[in-house]
Every structure is written in C-alpha cells, then in structure tokens.
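Each of the two complexes below includes chain A, the first together with chain B, the second together with chain C.
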Partner chain A sequence: MARPIIDIRNLSVGFTGRAGRTLPVLRNVDLRVCRGESIGIVGESGSGKSTLALASMGFLKQGLRVIEGSVCFNGEDMFARKLNQLEAIRGGQLGLIPQNSGQSLTPTMRIGAQMAEALELHCTLEKDAYRDRTIKLLSQVRLPDPEAIITRFPHELSGGQQQRVAIAMALAGEPDALLLDEPTTGLDVTTQAHILELLQDLARDRNMAMIYVSHDLGVIARACERVMVMYAGEAVLQGPTAEVLKDPAHPYARALLASIPRLCDPHLPVALDGRPPPPGGSGPGCAFAPRCALADDQCRAARPELLDAGGGSQARCLRHAQSHELTAGGAGSDPLHHRPDGAPALVLDDLSISYAAPGLLDRLFGGGGMGVPTVDDITITIASGETLGLVGESGSGKSTILKAVAGLLPPSGGTIGVGDGNALPEMVEQRRPQQLRRIQMIFQNPDDSLNPRHTVAEILAQPLRLYDGLSGKALTDRSVEILETVRLGAHYMDRLPGQLSGGEKQRVAIARAFAAEPEIVLCDEITSALDVSVQAAMLELLNEFKKMKDTTYVFVSHDLAVVRALSDRVAVLYQGRLCEIGPTEKVYGQQSHPYTSVLLNAVLEPDPDAAPNLMAEDVVELSPPARGCPFQRRCTRKQGSICENETPPWRETGGGHAIRCHIPLEEL
Partner chain B sequence: MSDAAAQKQKRPALGQFGTVLWDVASRPSGAIGLALVLGHIILALISPWLVSYDFRSMDSSLILEGPSAEHWLGSDHLGRDILSRVLQGGRVALLVTGIATPIALLWGGVTGVLLGLIGGRADEVAMRIVDAFLSIPGVLPLLVLVTIFGTGNEVMIPTLAFFYGIPVIRVIRAATHDVVARDFVLAARARGHSRLSIVWRELLPNVRDAMMVEGAMRWSWMLLAFSSLSFLGFGVSPPTPDWGLMISDARAYMPLAPWGVLAPVIALSSLIIGINLTADALAKAMGIDRARKAVV
Partner chain C sequence: MLRMLLRRLLLGVVTVWIVSVIIFAGVEALPGDACTAFLERDAKGKLLENCRHDLGLDKPAVTRYLDWAAGAVRGDFGISADGQQSIASMVGDRVKNSFLLAAGALAVGVPLAILLGVITGLWRDRWIDILFSTGAIFAMTIPEFVSATVLILIFAIWLGWVPAIVLTPADAPALDFFPEFILASVVLTMVMIAHIMRMVRSSVIEAMASDYVQMAMLKGVPYWRIVFRHALPNALLPAINVVALTVAWLLGGVVVVEVVFNYPGLGRTMIDAISDRDLPVVQALAMIVAATYVGVNLIADMLTILLNPRLRTQRMRRK
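Up next is the complex of A and B:
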C-alpha cells in the first residue's frame, strides 16, 4: 500500500467539562488516506465527524485538545508544527471546502479578487498571470463563462455556482488532498449530483485524496470508495462503500440506513429511538448498547475493539455476525393513504403570487421580476385527510405557496378556499379566529421558529390562549397532554429551546401546530434541518397525527424520497408553475414530465450501484419565461417553437394524474 | 441529557433573570464586578451613618494633612475630610447616573424598537439623525446645555439621559431587526396574534439581553461623562463634593498631597471597572445562554 498522505493514528480529542473531567469528543480514531483515494465519514450531528476532519488539518475548535494520538500530513506531525508552518499546508497542499460556501465567500469582493487572494497565498505565479489562472480554474470547475464570473459578487451567483467557486479556490494551491465538509448539503438535488460528479472527476485527474464528511449516505455512496461510520466519537464501522452500504455489519449503521426514506420504497422509514450519549456520557461498554437490539451484558461490560467483519470491513461490535439479521431498510410501517376523493379541505383556484416588494429572488439576483408572477396558475383541490407533497428545486415557489395559504403573502390573483366553499380573506390580519385555527404551519428550522426566550410551556400556551382562551390549570393540563402526543413528557415544560435537541425542538413545533386542533397543517421542509434518524421519527409522528385526527397536510420538501414516504399526491413545481400532479406512485412511476424525470434521476440513493443520471444542466434561471412552457430552457426533450410560444396542455393519464407537456402521453 | 442541562436542573428555580445573574456571579470577572458595584451602592446608601465629619466643614489646622487615625484618607487644601467627601461624591454620582440610565434605556429602547418595527423611510431618516448625533464628541453638547441651563441635578439627569439614550436607539433597533426577521415572529403572525402581543411576547424578551448589556455600558460611560463635566468645572457646584471636581481641585497639590487625587480616582475607576466587568460577564452569560445547545 502506498504511503498515506493523511495518517491519523489513535487520535483522541476532548475538552474539560464543568466538573473538571476530560470529556472525549473523538476516541481512538485511526484514519489513513492515500492519494487518489476517497473516504467518506458519516454520522449524525455530534458524532465527531467534523472534529475529525478539521483535526486532519491540524485544527481544533476552541476548547478542544489532543488527548492522545497523532495526525500526520505527508509524514509530518500537524500538531507539532507552528501555526505559520501549518498555514503553508492548509489551503495549499490540503484544501478545505466548507459546508456553506456562500457564507465563506466575502460578500463585498468580486470573485476574481477573492480568487487572486487564494492564488497569492498558495502559488508562485506573477501577478499578471493571476487572471489567466483564475479563468482556467473556474473553467475547470465547469462554470460557464468564467470571464463574466470573475467580475461578479458572490450574491450574484447561485448556491451551486458559489460551491464551484469554493472548489476552484481550494484548487488554487494545487492540493494533494481535499477535505469536504458536507459539500452538497443545502443544494438542490440536480446541483448536488453535478457537484459530486465534478469532484470525482477532479480527484481522478489530479490524483487527490478526498475526505467527504456528510450525514447523507447518498452522497457517500456516490463519491467514496471507503466509508467510516462514526458514533459518539468512535469509528464503529469502516470498510468498502459497497460492503458497508449494502449489508452493514453494525447495528447502528443498519439502523441509520433503515431511517433513510428511499424513492423505490413506499414505506415510512424506521426511526432510531433514543439519542447518542453526550461526550463522556457513554458507560464502560459499547456506546451504542443502550439503543441496540442485540446488546447483552458482555456489550455493556467493556468497550469492544474494531473486529474484522469480513468483506474488508471492520466493526466495533461483538455481535456483528448477528447484526446482518437486523433490518436495513424497507421494513417501516405503512403510511396512511387516503384517496383524494373526500370532501375538499383546501382549494387553490388559479392562484398567482407576485412579489410586490423586492422579494428574496430579486434581492439575490438583482433587478425586479415584476413582469411575470413568481407563482402562477396554481389550481389544486386538496381533499380532507389527504397529504399533498409539493416538490421542486429552490426558487420553484413551494414555500411561497404555503405562505400565501397561511395568509403571510398576498396573492396577486386567484383565491384560496377552505372546506366550506368560502374563499379565505387574503391576509392573516383579516381572517377570523375560526379560520385562523384551521390552518397551522410548521417551519423548516425549529431553532428559528421557536422563540429562544420562551419555555416549552409558554410556546404551547400561545395557541391555547389565543384560540381556546385557556388559562391556569386547564392550560397546563392541556399543554402536558399535547406534549405527550409528541412523546415528550411533562418535565419538558420548563425547558428553553436551547436545552432541547434538534428533534425535540421540532416535536415542540409540531405540538404547537397541533395544539390549535387544525384541519390543515402546512409543513415547510420540516425535516431538512434534522438528522436522518430524527427525520424518520418526525415522519412517523406526522403519520400518527394523520391517523388520530385525519389532518390534511401540505408537505413541502426538496427531498423527493421524503415526499414519497408520506404523500398521497404529489405536485411538481418548476418556476412557480405546476408541471405534473397526481397520485404519488404515478408521479414517481414511468410516465412523467421531463422535469420530474430530471429530478428523479438526480436523486442520490444510499445504494452504491445506483448512479444518478444527469439529464439537464443545473443552470439557474432568474425568472420564468413570459410565454410557453416554464421548463423550455432546460428541457432535454424540447419540441421546438411550440414549447416557447404556447402554454402546454394538461395531459391526463387517468387516476387523477396529469402532466403539462407538449409531448404526447405515449412518448412521455 | 447534556451536562449543562443537568446542572441547571439541580439549581433551585431562579427564573430566567435569576439564572443569568447566577451565571454572571459564577464567572470570576462577574463576581469581582458585581462585588465592586454592590460595594459602591451599599457604601453610598449607608455613608451618612459611617462618616463622623461633615463634608463641608473646613479646619484650617488640617490643610493637606496625610492619612491619620482620625482622617483615614487625609484632608484637602481647605482642611476637609477626604473620606467623607469621597463617600458623599459617590452618593451624588450614583444618584444622578442611577436615575439617568433607566431613563436613557427607556427612551432609547422604545424609540429603537419602534424604528426597527416601522422600518422604511422613517427609519432611514431617524437613523441618519442618530448618526449625526453620534458624530459629535460626547462632552461638547453636554457642556453647551449645562452652560445654558445650569448644573443642578434637575438639568444633569435629563441631559445625560437624552444624550446617552441615542446610542441605545441604534443598538436596540439592530436587535429588533434581527428578531423580526426570524420565523417565530412569522409563526406568531400566522397564528393571528395581535401586533402588540407579538411585540410584547415575541420581540421584547429577545431584545432584553441587548438592553441589559447596553444599560450597563451606558451607565459606566455616563459616570465618566458626569465626572468629566465636574472636572472641567461644569458639573455640580461646590461645596457639593464630586469625584471629578475633587480630582480637579486636588490636582494642583498632587506633589504635596497625592492622596487627595488618588482617593477619588480609585473610587471612580473601581466603580467603572466594576460596571464594565459586570457588563462583560452579563454579555457572556447571555450570549452563552443563547447559544447553549443540548448535545444531540
């Protein structure tokens, strides 16, 4: 085996807790990466994966220190080096691509100037040569028209383009190894697949070592040869990607796999109960034992070593041989499905929305998009008890529609009606309390949607006081009752959101929405800020509420697999216009709109054999075209001028499935 | 459960304010700061019963005497007891700034919240006016007003409160902007709460942190400004003792009687250092409180 370029041996990293104890964040981790190799580090938040990745750069977050072990880069001990020597390596031989590169670019500097800064630090070129080099780097990351890009500011680029610039900057120092911290999290499915393809090609061409850190097993499956699964600061399973993702030899890895919703699986994913131990909180035995179905006294007695589990993988589990019997997907409970023939609960009739004030899109891309409405021609009837999934890339108007339904944005045309057939007043301020309580909304990020200064009791009291006029003991009793329906106990009442985990916060947010006894619940990407294992639990919870209360959901997500797991019907949006709508199995089936095919083919599944099929470019469109099909500019099956000039007709395939395209049904 | 949460549960129920105060007191800087500030306040309250000399009484036999058993901090150029004067000076300084600070916070805070909520053109114009005020060196407008209206407490308090409320506007407006943009405000709107209830329940609890830290900072600046005015001869009028005035008077005799300068300087700086340390610890306590997350 070649000499590893990154060589981490027996690394333990920790901090000093309040009681003066040393609490480990990483425990005895070994990692070796050679040139040309790509390794994925997966785990939930708090598993130590980012700490490990940063440690391989010789960097530790404030308060952390090395307890034992060493980190070598190219044979040199990183923690023994002085800071200025480290700086020569960081960003030069060892590049880092951070999670949110939009935020890591300086907003007030043009791309060209930022690139020049990176070049100045890490290459020996003359100043006059910077421009050429920058353009070369930008074209290597497949940015169209690099000459124009260098004169732009970061906010003028899309998320995917920003990510490409960050990659180009990391390449400026001709690195031997790249660290990628969640490189595609927060990007659209199509963009995500394109970026990963680019990274793989770059790694191959330059013979770089790559370390991917991600919570997304789909990304790892696509990009890595080897995987290391982390749990509570330990490597619990490592081995070849195919082996680890197909038949993992560790109960935790199997549970993690089972918690991921799949496109091909109509079941709900299986939630992983419990939560990982805090640093220093695991007992003498296996850290996963408290949540493990196979754990026995031997597991709890002493910490297991990494054992050979066959197929080139090692598992930190005494029972790895038995673990193969545990489920790793496809065994979740069935979601409750309703036929969309019940009484209508929510009727969107020819709804269109324009941003009068400069909206997010205008602010992002400059210029006003006043001419063409952001969202247009949305006619959907949602039956009582039905779950409608809204999917599309960012900027497709999914959240905008939810906000209009909630009365937070005025529609510019059309009406929003509820079950009794009456149209709702446009803005929330004009709606009557009985209309308000019917529609509740759950937001994407509970960190943002729960007031950090309110205790759980106060948070739940808000709707109860407002709609039911409860107070005193009745209020407390009802709050506790609601908390229990989301599987949190009365002891949570006095906690502040800051003292809860991400999953618990979202449970509180869900509880708050259901406290109003709503008929319609609007879910705006409610699982995308959560770990996969927690996401599965949220989906189960929503399904339970549906069983108990027959709630109607409008479920917005960019994750097609999540939508598949929960929805009865799916509507696909592009540029604020409907492309396709129909029962879930039909939309995800054979006949579909060209845009739906693009989306479905770009999904990264945690299956090493499934390669995404990139059909269309991930160009970002600033505004929808004034005429014709909204998807005309990216469509791979464009029919010619008819697509540019005429709005495509709805083509019904039966069973309530309709596709809006000029291509005849037989050919779709 | 996380370490911090576990520890929090063991503590008696103090309420949110109590928890923050506890956090402040448990940091070294906070403990020292709080001790200094509380010490000053207590001394100011009980000083009439502590000192055995009238701060006005002059004794020609005692001119510029050094510290002695009778006069612990010595006496000044008019033969007055320095300890009595330092203690009395503290009473005046704390009284004036102690009233002016809450007024400054109140008017600055209310204006800031309103501007943050209204936004748009009015906000723009108001903020440019604030900028204009902030660009004037602090003591100058104070000097002008005091020269016109005199130096009584009834002039000093509103003047200080007005000028030190202006930077508060800026800070509180920014804090309001941050909070208003967050989803919990949108969530409250979507539920249909009234505007007043959103401001009261959702906004104010989140602006309160900034307000408390800002208050502490303004207080220390105000003390300094108050003493500076007296030092320049525009503050309280003699024979009422004031630290700034005492420093100014005793400056001329510094080679002969350094204690005359040192005593008020130490008193003033210990109070200001105390306030600043407390403010620092307060900011940290609340900053950490805000960012404190349970380990997932």
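Up next is the complex of A and C:
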C-alpha cells in the first residue's frame, strides 16, 4: 500500500465540560487515505464526522482540543505546524468543499475576487493571468458563462452554482486531497447527481484523495470505495462500500440502513428508537448498547475494539456475527392507504399564486404588469383521509401552494375549498376559528416554528385555548394526553424548545398541529432537517395519526423516497405547474412525464450497484415560460414548437393517473 | 435603483410634511399667540386686534399654515416674536454652529468607536475587550453635565489648556470657535462612542463566527486579510444605521452640553425660544430638527443599499 497522504492515528478530540470534565467528541479514530482513494464518513448529526474532517486540516472549532493521537498530512503532524505553514497547506495541497456554499462564500465579495484570492495565495501567476485561470477553473466545473459569473455576488447564484464555485475554488490550489463536508446536502436531486459525477471525474483526472462526509448513504454509495460509519464519536464500522451498505456487520449500521426510505419499496422505513449519547455520556461499555437489540452484559461492561468482521470490514461490535440476522431495509410497517371513494376534504380549483404584486408606485403611475404567475392552473381534489405528496425541485412552488392553503399567501386566482364545498376566505385573518381549526400546518424547521421562550405546555395550550376554550386542569390534562400521543411524556411539559433534540422538537410541532383536531394537516418538508433515523420515526408517527384520526395530509418534500413511503397519491410540480398526478405506484412506475423520469433517475439510492441516470441538465430557471409546457427548456424529449406554444393536454392512463405532455401515452 | 431612490425621497418629504402639520397644529392648540406674548398685559381689545391684523393672525389657520409652509420651503421662517429679527438669519448661524460641533465630535468619535468596536470584537472577552467595553459604558452613563464639569475643571482650570466656556458670538466665522469647542466635542464623543462601539463589536463577533470566515481560514487566507477583506465589510454594514442615529441626535441640538459650555447652537436657541414663548422660532427649529432626522436616515438607508451587494443587486435585477 502506498504511503497515505492523510494519516490520522488514534485521534481523540474533546472539550472541557461543566465540572472540568473532559468530554470527548472523537474517540480513538484511525483513518488513512492514499492518493486516488475516496473514503466516505457517514453518521448522524453529532457523531463527530465533520469534526474529524476539519481536524484533518489541522482545524478545530473553538473550545475543542486534541486529547491524544495525531493527524499527519504528507507525513507531518498538522497540529505541530506553525500557522503560516498551515495556511500554505489549507486551500493548497488540501482543499475543502464546505457543506453550505451559500453561507461559505463571503457575501460582499464578487466571485471573481474570491477565486483570485485563492489563486494568489497558492499559485504564482502573472498578474493578468488570474482572470483567465479563474475562468478556466469555472468552466472546468461546468458553470455556464464564467465571464459573467466572476462579476456576480454569491447571492446571485443558485445553490448548485454556488456549490460549483466552491469546488472550483478548492481546485484553485491544485490539491492532492479534497475534503467534502456534506457536499450536496441541500441541493436538488438532479443538481446533487450532477455535482457528484463532476467530483468523481475530477478525482479521476487529478488522482486526488477524497474524503466525503455525509449523512446521506446514497451519496456515499455513489462516490466512495470505502466507508467509515461513525457513532458517538467512534468509528463503529469500516470497510468496502459494497460490504458496508449491503450487509453491514454492525447493528447500528443495519438500523441506519433500515431507516432510509427507498424509491422501490412501498413500506415505511423502520425507525431507530432512542437517541445517541451526549459527548462523554456513553458509559464504560459499547456506545450503541442502550439502543441495540443484541446487547448483553458483556457489551455493557467494556468498550469493544475494532474487530475483523470478514469481507474486509472491521466492526466495533462483539456481536457482529449475529448482527447479519437483523433487518437492514424493507420489512417496515405498511402505510395505511386511503379509500379512493372518500368524500373530498380539500378542493383546489384553478389555483394561481403570483409573488410579483404591483407596488405602490406601479399603481400610482400605471404600468408594471403582473407577469407570469409563480404557481398556475392547480386543480386538485384531495379525498378525506388521503395523503397527497407534492414533489418537485426547489422553486417548483410546493411550499407556495401550502402557504396559500394555510391562508398565509393570497391566491391571485382560483379558489380553495374544504369538505363542505364552501370556498375558504383567502387570508388567515379573514377565516373564522372553526375554519382555521380544520387546516393545520407543520413547518420544515421546528427551531423556527416553535417560540424559543415558550415551554412545551404553553405551545400546546394555544390551540386548546383558542379552539376548545379549555383552561386550568382540563387544559393540562389534555396537553399531557396529546404529548403522549407523540410519545413524549408529561415531564416534557416544562421544557423549552432549546432543551429538546431535533426529533423531539418536531414531535412537539406535530402535537401542536394535532391539538386542534384538524381535518387537514399540511406538512412542509417536515423531515428534511432531521436525521434519517428520526425521519423514519416521524413518518411512523404521521401514519399512526392517520390510522387514529383519518387525517388528510398534504405532504411536501423534495425527497422522492420519503414521499413514496407515505403518500397515496403524488403530484409532480415543475415551475409551479402540475406535470403529473396519480396514485403513488403509478407515478413511480414505468409510464411517466419526462420531468418525473428525470427526477426519479437522479435519485441516489444507498445501493452501490445503482447508478443515477442523468437525463437533463440541472439548469436553474428563474421564471416559468409564458406559454406552452413549463418543462420545455430542459426537456430531453421536446417535440418542437408545439411544446413552446401550446399548453400540453392531460393524458389519462386510467386509475386516476394523468400526465400532462404532448407526447402520446404509448411513447411515454 | 433610481425608482427606489425617488420612492425613499418621496416618503421622506411626506414624513417632513406630516411633522410640519403636527408642529403647526400643536402650536395652534396652545393658548395665546405671538401677539399675546408680545403685548403681554395690554393684549386686549383694539390693540390685540390691530396686532393680529398686522401679523396676519386673524386669517384662518389653513391659510396661515400654507403661508408658513410656503415660506419654510424657501427657507423663510418669518420673523421672530419680538418682531425684530429674521428667523432664517438668526437660526442659520445656530445651525452652522451646531453642525460644527457635531462635525468635531463625529470626526473623532465615529472612527474611534469603530476602531474600538473592531478591537473588542476580535479580542472578545480578553482584558482589552473588558477594559474598553466597561470604559465605554462608564463614559456613556455619566451625565453630560458631570463629565463636562470635570473636564472643565481639569483642562480649563487646572491645566489651563483651553477656555472653559465659549464667548464667541453666534455669527462669528467657524474658525473663531477653535479651540473653544474642543471640550464640548470631547464630552459628546464620550457619550456617543458606546452605542456605535457595542454595535460594531457584536457584528464583528458575528462575522468572525460565520461560515464564510471559517471557509476563508480553511482556504489558507492569513488572519488579517480575513479580518479586512472578509469580515469587516460585512460587519460594518449594520453600523451605518447606528451612526446615522447618532449623527441626527448631534445635529438636532444637544441642549445640555450647549448650555454648560454656553455654546450658541440649536439646542440653546431652542431653550431660549421656549422660555421666551417665541413660537415662530420654536416652529422653525422643530422643522429643522425633523428634516435633519429624516435626511440623515435617508442617507444612511441609501448607503446601506449601495454598500450591501445583496440589497443593491436584488433591486436592480428584479425589474
């Protein structure tokens, strides 16, 4: 084996907690990467994976320090180097692609200036060569029109473009090794797949070492040869990707895999109970023992070493041989499906929404037309007890539709009606309490939607007071009862949101929505801020409520696998227009709209044998075309001028499945 | 961009207009007018009527408001209640003097406050931060008349470096106020520094903890270059509005300091006019102060938009 370029030995990193105790964030981690190799580090939030990646650059977040072990780059200890030596390596031989490029690019500097800075620091070029070099790098990462890009500020680029700029910047120093900290998290599926392909091409061309840090096993499956699974700051399993993702020899890895919803599997994923220990809180035994089905006294007595588990993998588990019997996917509970003949619960009739409202001056001086509406021509009837999934890329208008239904945005045309056939008043202020009660919304990020200064009791009391007029003991009893339905006990009543984990916060948000006894619950990307194992628990919870209360859901997500797991029917949106709608199996089946195919083919599954099939470019469209099919500019099967001029007809395939395309059904 | 500029300007004009109506209505609602103030005990019968007729006070309020407003737009605020002086020329000198004092305090205070804010932000919770932060708070909490008196005692009386109070007449050229106005601006600087400094400190801390600064570190950018090119341009943007408020406060006349130092600025003129019940002067001064606040904040908003690429380009590309 060649000499590793990054060589981390027995690294432990920690911080000093209360009472002066040293609390470890990383525990005895070993990692060796050679040129041309790609290694994935997976784990849930708090597992220490990002800390490990940054430590390999000789960087620790404030408050952290090395307890033991070493990090060597090209044979020299990074933590022993002087700052100016580190500055030469960082961004030079060792590049970083950050998680959120939108926030990692300096907002007041033009792209060109930021790129030139990276070049100036790490290459010696003639003064006038910087611009050419920058343009060359930007076109290398396949950014269209690099001459224009260098004059832009970061916020003027889309998420995918920002990520490409970050990659180009990392390449500026001609690195020998690249660290990728969640390189595609937050990007649309098609963009994600394109960026990963690009990175793999670059790695191959330049023979770089790559370390991918991600919570997304699909990304790792696609991009890495070897995988290291982290839990509570430890490497619990490492080995070849195929081995680790297909038949992992560690109970945690198996549970993690089982909690991921799959495109091809109509079952709900299996949730992983409990939560990881806080730093320093894992006791003397195996850190996963409290959540492990196989754990016995021996596991709890002493921390296991990394043991050889066959197939080239090592597992930090005494029971790795038995672990192969545990489930690693499939076998989740069946979602409850609706009766298609249910009475309508929510009727959207020719709904259109326009963000570009004419301003004061426009009205004074005339002119300034309304332009093309952001969302247009949405006609959907959702039956009582049905779950409708709304999917599409960012900017497709999914959340906009939810906001209009909730009364947070005024529609510019069409009506929103509820079960009794009456149209709802447009805005939330005009709706009567009994109308408000019927529709409740759960938001993407519970950190933003729960008031940080209200206790759980106060949060739950609001709907109960407003809609049921409860007070005193009745209010408390009802709140506790509701908390128990989301599997949180009465002892959570006095907690503030800041004292809860992400999953617990989202449970409180769900409890608040259900406290109103709604008929319709709007879910806006409610699992996308959560870890996969927590996400699975949320999906189970929503399914239980459906069984108990016959709730109607409108479930918005960019994650096609999550939508598949929960929905009875799916509507696919592009640029605020419906492309396809129908029962879940049909939409995910063979015959579909060209856009649906693009989306489905770009999904990365946690399976090393499944490669995405990139059909359309990940161009970002700022506004929908004024006429014709919304997908005309990106469609690989465009028929000609008919697509540009005429709105495509709905083509019924039967069973309530309809596709809006000019291409005849037989050819789709 | 131009549209937005016009729109802000229009809103500013509307604000000033509303303020003018309120001021006029307020003065109108007070018992008595210029004639009762001028004639004092003789304010009755024929004499009062004649006076009101001469000054045009017997016309309806709306007509008088329009006359007054039309004059104010041209910079003519009429004559003062004693009937002798043109308000415009009297107030004009005071405005100049107040601006001079404000300029002195700002020229030292703003750069110093920003510098201290950056230093305390970069060395957060170190001794240098604690020293300057508590010092600034201390300077802000001492009332102006106390610090003014102490400074006069030390620098004017004990050391004799500068005169204790200003004896220069109001209409003297700007240079004649030097070195008399130094102490007054030092007192103002002490009061204003803490606001700006604390604002800058917290936004420097925020910027230094941001993802883009961490990214710049991991890109190998040297520390001071990160501070100057990546952190400060972003951190100083929110300071503009605090500076604007301070500027408006200074230009609006700082009554206590002007009285202590006998400085002939707007604040002291206002006090004198109020005690003399010189209502036309009070009206004029109130209008000037209101217009200054609106104007300074308008400039600050413009600057924020111009310097923040996010706001600037958004507006340009939207339409």
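Following the convention adopted for this analysis, the second predicted complex is superposed on the first by the 653 of 668 C-alpha atoms of A that agree within 3 Å, B and C clash if a C-alpha of one lies under 4 Å from a C-alpha of the other, contacts with A are read in each partner's own complex, and residues count from 1 in each chain.
As a working rule, a contact is a pair of C-beta atoms (placed from the backbone, for glycine too) under 8 Å apart; a residue touches a chain by one contact, two chains touch by 3 or more.
This structure is a prediction, so every number in the text was calculated from the model and none was measured.
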**Request:** Could you classify chain B and chain C on chain A, in the superposed arrangement, as clash or fit?
**Result:** clash
**Message:** Applying the document's definition of touch, where does A:A293 land relative to chain B and chain C: first, second, both, or neither?
**Reply:** neither
**Message:** Under the stated touch criterion, which partner chain does A:M109 make contact with: chain B (first), chain C (second), both, or neither?
**Reply:** second
**Request:** Answer with first, second, both or neither: which of chain B and chain C does A:I642 touch in the superposed model?
**Result:** neither
**Message:** In the overlaid three-chain picture, which partner chain does A:G17 touch, first (chain B) or second (chain C), both, or neither?
**Reply:** first
**Item:** Which superposed partner A:A302 touches (first chain B, second chain C, both, neither)
**Value:** neither
**Message:** Once chain A of both complexes is superposed, is A:P98 in touch with chain B (first), chain C (second), both, or neither?
**Reply:** second
**Message:** Taking the superposition on A as described, I'd like to know which of chain B and chain C A:R90 touches: first, second, both or neither.
**Reply:** second
**Prompt:** Hey, is it chain B or chain C that touches more of chain A?
**Reply:** B
**Message:** So the two structures are superposed on chain A. Out of 6-14, 24-32 or 132-140, which stretch of chain B collides with chain C?
**Reply:** 132-140
**Fill in**
Overlap of chain B and chain C contacts on chain A, residues none
**Request:** Can you check the complex and tell me which residues of chain A touch chain C?
**Result:** 54, 57, 59, 83-84, 86-92, 96, 98, 100, 103-110, 117-118, 121-122, 153, 155-156, 169, 173, 360-361, 368
**Fill in**
In the complex, the residues of chain C that touch chain A are 3, 7, 210-212, 214-223, 229-230, 233-234, 237, 308-310, 313-314, 317, 319
**Message:** Touching residues of chain A toward chain B in the complex: what are they?
**Reply:** 17-19, 23, 44-46, 275-276, 278-279, 281, 406-408, 428-429, 431, 433, 436, 440-441, 443-445, 448-454, 458, 462-463, 466, 494-495, 498-504, 512, 516, 531
**Prompt:** Mind pulling up the chain B residues that touch chain A in the complex?
**Reply:** 1-5, 7-8, 13, 16, 182-184, 186-193, 201-202, 205-206, 208, 289-296
